[in-house]
Amino acid sequence: MNLEVTQEKALELSDVHVTIRGSHILQGVNFGIEPGVVTGLLGRNGVGKSTTLRSIVGLVPRVGSIKLFGKEISNLKAHEVIRSGVSFVPEDREIFSTLTVLENLKLAERDKQPNYDIVYNLFPELLKRKNQRAGTLSGGQQQMVAIARALLNNSNLLLVDEPTKGLAPRLVTEVADALEVAAKSATILLVEQNLPLVKRIAKNIIVMDQGVVVHSGSPMDLENADFAQRMLGVSGGSH
Amino acid sequence: MEIFITLFITGVGLGALYFLVAAGLSLIYGLMDVLNFAHGAFLTAGAYATWYFTTYVRADGSLTSYAISLLIAGLVGALFAVATEQILIKYLYNRHIDQALVTVGLGFVAASAYLGWFGTDPLVVLPPVDLYNVVQIGDAFVGLDRFLYIGVAAIVLLANFLMLRYTRIGLIIRAGVENRNMVTALGIDVRKAFTFVFFIGGFAAGLGGALATTYASGVGPTLGDSFLIYAFITVVIGGMGSVPGTAIAAVLVGTTQVLVNYYVQGLGDFVVVLLLALVLLVRPQGLLGKVVR
Amino acid sequence: MNLLPSKYRFVPVVLMLLAAVSVFTPVVDDPGLQQTFAVAFLFAALALTYDLLLGFTGLLSFGHSLFYAAGAYGAAYAMARWEWQIIPATIFALFFATAIALFTGATALRVKGIAFAMVTLAFAEAGHVIATLNLWGLSNGDITLQLRPESVPEFFLGVNNTRNLFLLSLITLAIIYLAVWWLTQSSVGRVWQALRENEERVSVLGLRPFSFKLIAFVLAGVMAAFVGVVAVIVTNNANPSMGSTGTTISLLLMVILGGIATRWGAVIGGVLYVVLSQRLTTLNTEGALSSFPEWIGGPMSEPAFILGVIFILVVMFSPGGIAGALYRLKMKFGSSVK
């Protein structure tokens, strides 16, 4: 770290620890992300990426400091963290399958004037199916609901956990488009295994291993096949 | 046949009382994973409130007084329930076993407090004489009070449905039953919904208590507990967290119990228990419920 | 004490206890008090068997009273109706309880957590209904099934022999304590405790959680049944309230009050519960509470009220119960006491 980094971070984690049922999952996570850009959070399965996001939201008991634009949020409850302008798109979507699409969106309303236009423009499909029970949607459509819930409100931080997991290539593009639109107005921390997508939209990357951050840099680093193999366990950088 | 009709409607009436207790239990469990063993105490509180009101405040035996006493009983149950949530349950957040244990303790304490205040013997509560009328259906005669239970339970069921379907708190409850954590991850303070379900659950139980004094011709310290076990069975059969499932199960349990008790002397309670075991084995999540964890 | 391997540390404790009791017993020459303690020891033993499920295996059963009642009724029935002697009647009762435990356990263990609690509650309630309503003429209902005097040795009969009943209960408690101690130290016991902490890890090891839980359920049931048999001798009858949910709930209170998963916590909880229940009642009849205003004096005269309040406080503020509180004290002052 050099001294020119004086700009306020959108999000800064210092020495964050999470222990769940006796397992020490996060073992002192430190990183900061720049405001206004997409930062990719990478790493092999089970190194604590999702737990990191959940600890930021406050869905898991955490110790350490988490600052959102300079304001300490690690002492807040989950709903208070969200209300201070954070939106969360969890892994596996976690949409409410017994509610309709519209009810899912309604539940997510935080702002006085939730932005349904942006949602329906990005995902016209959801407008058509707004009275359908969300549990009967396809996986891709469910992911749209999950992302739409986050885009409905003005957020200063968007936490997105593996949005393209299990999606067909066409839908991956659609999700990427949606994230790019979202990136215009919010800072995004994106957990993602799809490296081409990361390279396309992320400005910075953070790599985790075994509960700590082991690297932070630019997506260009992923071009180095040896780096990718060592850090992420994937063979071949970009090809 | 006449006897069957009389028994059947009596069974539905008993089921209606079970429903009033079970609806709150089901919502509380569905939303918070708290198995509320103190729910019988809420019912008993409502029953004693009815006794007090119709004995000391307005002992004129009129239908109006009775109606007011129902309302008061509901409120007493609701206040008791909210106090329970605010004083005990709230501080054991996410400690589900401890929450259940605390309600076990509270039920225990409440039953002995009632015993200390009101004695062992049931206190007689006299409903308005009009409720002793019988209604003729074909050749069968059915006590009017049975229809009162069914009517009150139907109103509660309808109110519940409207609340769950058309209000924001209802939306939050339905979502919370499915995935509580995700509700908070959308920026909603789900604990307000907890207090609310305790309020409505306590209200329904209190109402049930008032009506139970008519069904059982009085109130004793363990009135609630005797309903509680069958209300539990109703909830599990119907499916935790599903109010419609609870309603169906309540009718099933009430009619089975009354009919079998009549035709096969005394075996009704036993058969209901077997029914529960059967349902759980075939469909562990109950008739209409979320998966029981 | 350090001369013994840690495995056998309990031996001196038990010996000291037995010595204390044998010195103590002749002094307590009051049959009433002896009877109280006899019952207290039986409940302590019963609480231990419940702790085997709740504390050591993590199974919250609301139906444990079923096995206590099954043992009591099994033995009382064999003696009263078939005129069997106590030993064969006991063996019959244990087999009877085993069969019930196997059936209900195998059924209930198909579901977990609260649902398991509900199914066990329902089974126990079914048993309670049979006993209360005297279905199929099995139980004599509220008249209770009396102990047939001819079936038991004479030294267990009559007020003059209450001291022997006291000793019988104490020995029963010691047997159950040793059995639970041995079981929880055994390799099976370690699997139980692993199950309590994390079931998945156990299945990953290739062990079948269901089988181990069933073993715990049946063993706890059989031991409870044994206590039930002794209870018939001590209290002279088998009665429906033995099988009530209230009985299970009081076991729950004893274990939590004393301290879960500590063995002697259950013993302390059981003895305290029974003795307090009886002493508090005496206190009341002596008029000790007459100075209180009636609205608080009424409930205070009910031992269950005070015990229930203590129970709630323990759950909320002292999760380890009495044993846990003592342990914390020991930790705090441990260095100076050593």
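In this document, chain identifiers A, B and C correspond to the written order of the chains, with residue numbering beginning at 1 in each.
As a working rule, a residue touches a chain if its C-beta (ideal position, glycine included) is under 8 Å from a C-beta of that chain, and two chains touch if they have at least 3 such contacts.
Here the structure is a predicted model, which is why all the values come from computation and not from measurement.
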item: Closest chain to global C-alpha mean, per-chain Cα centroids; value: B
item: Label of the chain whose CA centroid is most distant from the centroid of subunit A; value: C
item: Mean-CA-position distance for subunit B and subunit A (Å); value: 44
item: Centre-of-Cα separation between subunit C and subunit A, whole angstrom; value: 52
item: Inter-chain centre distance, subunit B versus subunit C - centres from mean C-alpha coordinates, in Å; value: 32
item: Multi-chain contact sites of subunit C, meaning residues that touch two or more partners; value: none
item: In the complex, subunit B residues that touch subunit C; value: 29, 33, 35, 88, 91-92, 96-98, 100-102, 104-106, 108-109, 111-113, 115-117, 229, 232-233, 236, 266-267, 269-270, 273-274, 276-277, 280-281, 284, 292-293
item: In the complex, subunit C residues that touch subunit B; value: 60, 107, 110-115, 117-119, 121-123, 125-126, 129-130, 133, 135, 245, 249, 252-253, 256, 295, 297-305, 307-309, 311-312, 315-316, 319
item: Complex contact set, residues of subunit B against subunit A; value: 168, 171-172, 174-175, 178-179, 181-190
item: Residues of subunit A touching subunit B in the complex; value: 57, 59, 77-79, 82-83, 88, 90, 94, 96-99, 103, 106-108, 110, 149
